[in-house]
Amino acid sequence: MLYVLLFIPLLPALYALRARETRWLAGSAAAGAVLSLGLSLLAQNQAAGPLRLDGVGLFYLLLTDLLFALVALYAGAYFQASQDREAWRFYAAGNLFLFAMHGAYLAHNLGLLWIFVEGSTLASALLVYHRGGARALEATWKYLMLGSVGIALGLIGVILVYALLGGATLDWQMARELVRAANPAQLKLAFAFLLVGFGTKVGLFPLQAWLPDAHSEAPSPASALLSGTLLNVAFYALLRYAALLGSAGLFGFAAGFLQSFGLASLLAAGLFLFAQKDYKRLLAYSSMEHMGLAIYALGLGIPWLAMLHTLFHSLAKTAAFLSAGNLLLAYQSKLIARVGAVYRAWPATAGLLVLSLLSLAGLPPFGLFYTEFQALFRSSPLAMGLYLLGLLGVFAGLLWPLSRMVFGEGPGMSLGGLPRIRALVVVPAALVGLALILGLFPPTGVVEHLAEVLSWKL
Amino acid sequence: MNPLIETALIFLGMQSLLALLRPPATGFLPLSLGGSGLLLLLAGLGAWLAGARGTPLDAAAGFYMALLGALYLGVGPYLREYLSHHEPSRARLEAFLLPLFAAAMVGVLLAPPGYAFLFLWEGMALLGYLLMALEGPDGLAGSRAFFLASRLSGAGLFLALILLAHKGLRVGGLEHLVWAGLVLGFGTKAALFPLHAWLPKAHPVAMSPLSALLSGGMVKLGLYGLYRAQDWAGPPPEWVGWLLVALGLAGAVYALARGLAEEDYKGVLAYSSVENLNLLLAALGAYFLLKSPFFLLAFFFQQAAHALFKGLLFLGSGALPVRELSRLGGLHRLLPRTAAWSFLGALAAAGLPPLAGFLFEWYLYQGFLAAPRGAGASSLLVLGVGVVALVGALAAVSYVRLFGLAFLGQPRSTQAMTAREMGGFGQLGLGVLAGLLLGLSLFPTALLSPLKPPLYPVLPLFLALMGLGGGLVYWVRRKPQRVYDPWDCGFHSPDLQGSALTPQMQPHALGYSEQLLRLFPFLELKAHLSREEMLAPPKVRLEVSDWLEVMETRLTRGYTALAHQVQRLQSGSLHLYLLLQFLTLLLVLGVVWR
Amino acid sequence: MVGRKSLDALIRLYALQNVLLALLAFGLAQGEWPLVLAGLVLLLLKGVLIPRYLFWLLERLGVSHEVESYLSIPLSLLLGGVLVGIGLRVGSSFVLEGAQLPEAVPVALSLILLGMLSMASRKKAVTQVMGFLGLENGVFLLALAETHGLPLFIELGVALDAFAAVVLAGVLIFRIRTTFGHIDTARMRDLKG
Amino acid sequence: MSAFLLLLLAPLFTGSLKWLKARLQNRQGPDPLYDYKNLLKLWRKVWIRPQGSSPLFLLAPVVGLLSTGLAAVFLPLLPGISFAGDFLVLIYLLNLGRFLQVLAALDTGSAFGGQGSYRESLVSVLAEPGSVLALGAVGLASGSLSLAAFSPLSPQNALVYTLVLVALTLALLAEGARMPVDDPTTHLELTMIHEAQLLDHSGPLLALYELSAGMKILVYIGLIALLLPFGGLSFPAALLLAWLALGYLETYGVKLRYLRLPDLMSYNTLSGILAVLGVVLRFRI
């Protein structure tokens, strides 16, 4: 069953190489994702070979499949509206990407996890590249280089961990048992490599360089996938390793790093956001902020909180990127200064943009407000101060573009021929609605329950 | 919970729902918003007068709830008329958001300090922002400033309330940190100088009923928080009192002076709000220091009074055709009722007996005069008397200028000749607030009875003024009179049509206060001479530069420069990125080794 | 690898390095078939396939076979020397208990550092790929030195990933050549801020 | 009670002051009772309502007189109403009158009215802190905030009271629109402060204004009288002193440039501040 689950996405990927009709491509991709969504619910706690689906994996798998299905539907409308004849590239690469994601979440082996994370990098590089062009090429190249180096550093970490486990196994369950006997000093060393390696992919502060480039140059549905799902997978890897360190009794050591990197990302994101001129880069830096916050929450030793944070972030950010896609369709420019008066030109998109951005800014009634509150609640006064400062900076950075684009001056009604395809609005609306509901009733208990498999020890 | 409050909240919820389902649903506003206002007024007054303690409705919270209720009662009918002039799509959104905003404010009063409080606090800010942002490009800067300040306020509260929740942590200096957070959080919302900068930007751009709710209601919640925080965090450290008094008094003078340099009608009102709030904060601070009942009386009474008269004035401003004072004038002819309501509001706001504003100053003076004697620092509080007197005088001038330039004299522009009076519902809303204001002025004990207030003979004074004044007016009116043009130094000639006076000969908005502004060193007056044509007489344009605003601009510029510096890390050079990655690795490894 | 100015020489050096690595793997294998297999794959993939691919690439690209760097050759050598020094100096703390070949650990570290140096300093896209490959080799050597070698399927997966990355990079280099007319990554600086 | 007294005395005071000034300037001068006649004459005249003026035009003189009169009610020259904080009500009632007067000056939209309006505003801002502080200081020194309980000048409080008297005198000059703050006899509109606001009021309205202006001066004289140590004779003494001093001042003094007013009035504020501090920090001579 798990193998079926693993390979499901390859079918639509193969189909995408042959078919050219956008509607069918979107349908098949979404169907694949929905199918695996259902299957994964049935497959919890099953194991097969190096694969095993535990609570945390299930959580992220469900999230990924859900987002992928929605984004695939949206992408159908998006490529149709932008008259892109090469949508199949997106679906082929996207499904390959989904395959890698499935692999990563199903893998119960740290080595296999690494392989699939690297695979997701490659597949997502294809997503970023899409149809090419100078800027996309530049972004892809930088992404590939930085990502590869990062992941290679991560591999060093994996190797060191493997060696520390006595070269016996990389299986997650057994590793947790064995790691207690490992030399702590050298485990720390291994963690340093893992942190920088996977941290590059998560987009933590001084390692984030690829992130805004890739997010801004990819087609909007791909940006949504990158931000909503790709960052999660690297985060997931770090989550596993942090748990491993926890089993070894070294969590305190990891916590310092995680918290520092988290706060650094948050604070830096505020400054990056403040001077941003391109709204897709803006959203990318916001991703850096939220991954920083998730890492920080992880550093606090509350995995369920970090998971919840990534969940809310994924929902909101996907909605935001999809709304940004609508903007791009309507205004044909990624510059904030070129967009204005969206609330008159396209009220539905304006509403979605406002809600998703406010959600990202951590305002109630959305979930990020809850997770940020919980994280603050467990912080020391100093960290709390920095955290609040960072949140303010980020908010200041997001607020102006939001006001400017949605309510500021612009062409108003005169935008000719808006794409009137329902999915362009319905999909992000579904995401925002979900974010709203989950924000009002945060599924804390469920996530806590799922995170129990990490058997977190401080 | 109190069934009255529940019903009121249901009313508000229903209104929002209706706006969603059967747009624009503005017709229900008098009933829903106004009705909920009445219920809240009753429920709040009940709790306040009964002196309830703790949950569900504390006496202090009840006071504020009554205050909000009174505002809703007036704004509800007014809003129905006001929104009917908006496009239906926008009116629908406003009819949806406004009740939610109103409900959030009520919720803040009911919420215990903690997650729910912060949730509602930030939600309130969010709704306020959205309502303001719907104004479009004009409201951009204002709504942004409002939201930013709200988040700053939220940050302070996050800090304070979370530390408060960790009871075990409260050792040593943490107490001070809690209060610092509270002062930052609630102070920003209550426009504590110099954190007030957002208010004069935000309130003028909001639509008039919203300005009334913001200025009359929302900012008071900051004061509520600071007062109520005594229950949550225990008595404040001494520095809190001193800080509030010092900043409050300084801010009151500053705001009035700055308001005199303001040309926007609602801007002047906003600065007046800043003044009142700062004076209230000073009163609260002095209460923290001296525990004198006079300050408490002043504090509570003026909040109610300010809510009513500022609500009245802001609602009245909705009928103005333009906001610039230098383009208004003579509006009493076109808007006789609005002029009358605004006049009542201005009298109260200027702190003149027998209306409510004076009683506040009366209490404040007595409080400051009762400061302890001797060498202690608190004896210096007596100088507050002088500041209050200055503030009183400045406030009077400010309102003379506001009302005089807008409603009296000759119209200064063609727009000022096209104003239209509000219809029945609008007048009803204004009338409700005016009635409440008058009632509060004449029967202050009805509200203040829990505090056992001393009073001056306000009712006899009022009756004497009305009786004798009415008699005299009647008498004089019956005397022979003629209608003639105003005195123009005899330049009047039959060739000219009527008087030789032109509207441009009236004092200009800045000209009126120019001499006064020169008294205040933080305001720099600059006169610009400009000629439209070669031989035309030069026009003098006065410009005020405000030291505080200059600082603010510099701060923003500095921050932007910093952001640009940081952005240079993302220079586009892959090699730099790789180097950064390498250095990060080395850094982390270095830390591990150490 | 740091000092040479010719790309061809660089690729040959890389091939040689891989052959040596493969031999090392055989040496350490002690008859264990997974290691032998891994060594074989390595030999095939990295010793033969990738160098050939790179040569083919260079030919098709029609760019000069010269290394362009931010650093002059002496400086580059100097820095390389320093990094090797660091690698050898701190290498000991990377030697884990039960390492197979403790002596190789510092060498592996030096390789990794040198790989990163060449990636960060060299301008041509191809040279950056070369740097990455050097880095990868360092990682592989480390794996060999520290452990028995990773489990087979992991090893294969890793190799496949590396190969895919290089192929993808090659495709991208082609596109870069056709789009920009050069393969100088230092001049691709449109995306900033 | 005091209100009626002041109402009756006001025209006498202003009228005789004109007479005194004329005499000091070697002129014949009007009858000291001239103002009574003048007021009566004005009261009987037709009044002009300027084109487009508002009800405030009529209301201002009425309220002006009433508020001054009601303020005088709290002046305990004759037995009247008294309570803690009554001096504040007194001051603010005067403010009420001025508020309407200044507004009404803007009503006609004439250039001079506006000018007078903002000049008067400046004067009020300059004068008010000093007078309130001064009266507050007296209240503190007497241990009661009610005018009736104000203790008179004595060696113990001499320093404070001197300061208070300086402040109140300056306030009298400013609020009463006398030299050197304002010139009540000027006929040049450009230099007017108080008179400029009355330009359009005529007949009975002008009469009301004149009467209340006179009363306002007397109220301040009454306040000063409260501080004098002559018992029942304090008020007549204060009246006499003020009468002489004003006559003298307006004969030999010159009007201060309007822009220099803040310089003069800063003495007022300073005295007020010092007086209050003197009480609180117990300054002694």
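In this document, chain identifiers A, B, C and D correspond to the written order of the chains, with residue numbering beginning at 1 in each.
What we mean here is this: a residue touches a chain if its C-beta (ideal position, glycine included) is under 8 Å from a C-beta of that chain, and two chains touch if they have at least 3 such contacts.
No experiment lies behind these values; they were computed from the predicted model shown.
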Of all chain pairs, the one with the highest number of C-beta contacts is B-D
Closest chain to the protein's overall Cα mean, using per-chain Cα means, please. B
I'd like to verify one number: the distance from the centre of subunit A to the centre of subunit C, where each centre is the average of its C-alpha atoms, in whole angstrom. 30
Subunit A and subunit B have mean C-alpha positions lying a whole-number Å distance apart equal to 43
Mean-CA-position distance for subunit C and subunit B (Å): 67
So how far apart, in whole Å, are subunit A and subunit D when each is placed at the average of its C-alpha atoms? 76
When you check subunit A against every other chain, which residues touch at least two of them? 141-142, 145, 149, 189, 212, 275
Quick check: what residues of subunit B touch more than one other chain, meaning two or more? 567, 570, 574, 578, 581
Chain pairs that touch, all of them, please. A-B, A-C, B-C, B-D
Complex contact set, residues of subunit B against subunit D: 329-330, 332-333, 339, 343, 347, 350-353, 358, 361-362, 365-366, 369, 371, 373-375, 379-380, 382-383, 385-390, 392-394, 396-397, 399-401, 403-405, 407-410, 454, 456-457, 461, 464-465, 468-469, 472-473, 476-477, 479-489, 498-499, 501, 503, 505-507, 511-516, 518-519
Residue numbers of subunit A touching subunit B in their complex, please. 141-142, 145-146, 149-150, 153, 188-189, 191-193, 195-196, 199-200, 206-207, 209-210, 212, 257, 268, 271-272, 274-275, 340-341, 343, 347, 354, 358, 363-365, 369-370, 373, 376-377, 381, 384-385, 388-389, 391-392, 395-396, 399-400, 403-404, 406-409
Interface with subunit A, subunit B side, in the complex: residues 89, 115, 118-120, 122-123, 125-126, 130, 133-137, 139-140, 143-144, 147-148, 151-152, 155, 158-159, 162-163, 165, 169, 174, 177, 559-560, 562-564, 566-567, 569-570, 574, 576-578, 580-581, 583-585, 588-589, 591-592
Where on subunit B is subunit C touching in the complex? 567, 570-575, 578-579, 581-582, 593
Residues on subunit D engaged by subunit B in the complex (per definition of touch): 46-54, 56, 58-59, 62-63, 65-67, 69-70, 81, 83-86, 88-89, 92-93, 95-96, 98-99, 102-103, 106-115, 117-119, 121-122, 124-129, 131-133, 136, 139-140, 145, 189, 199-200, 203-205, 208, 258-259, 262, 269, 272-273, 276-277, 279-282
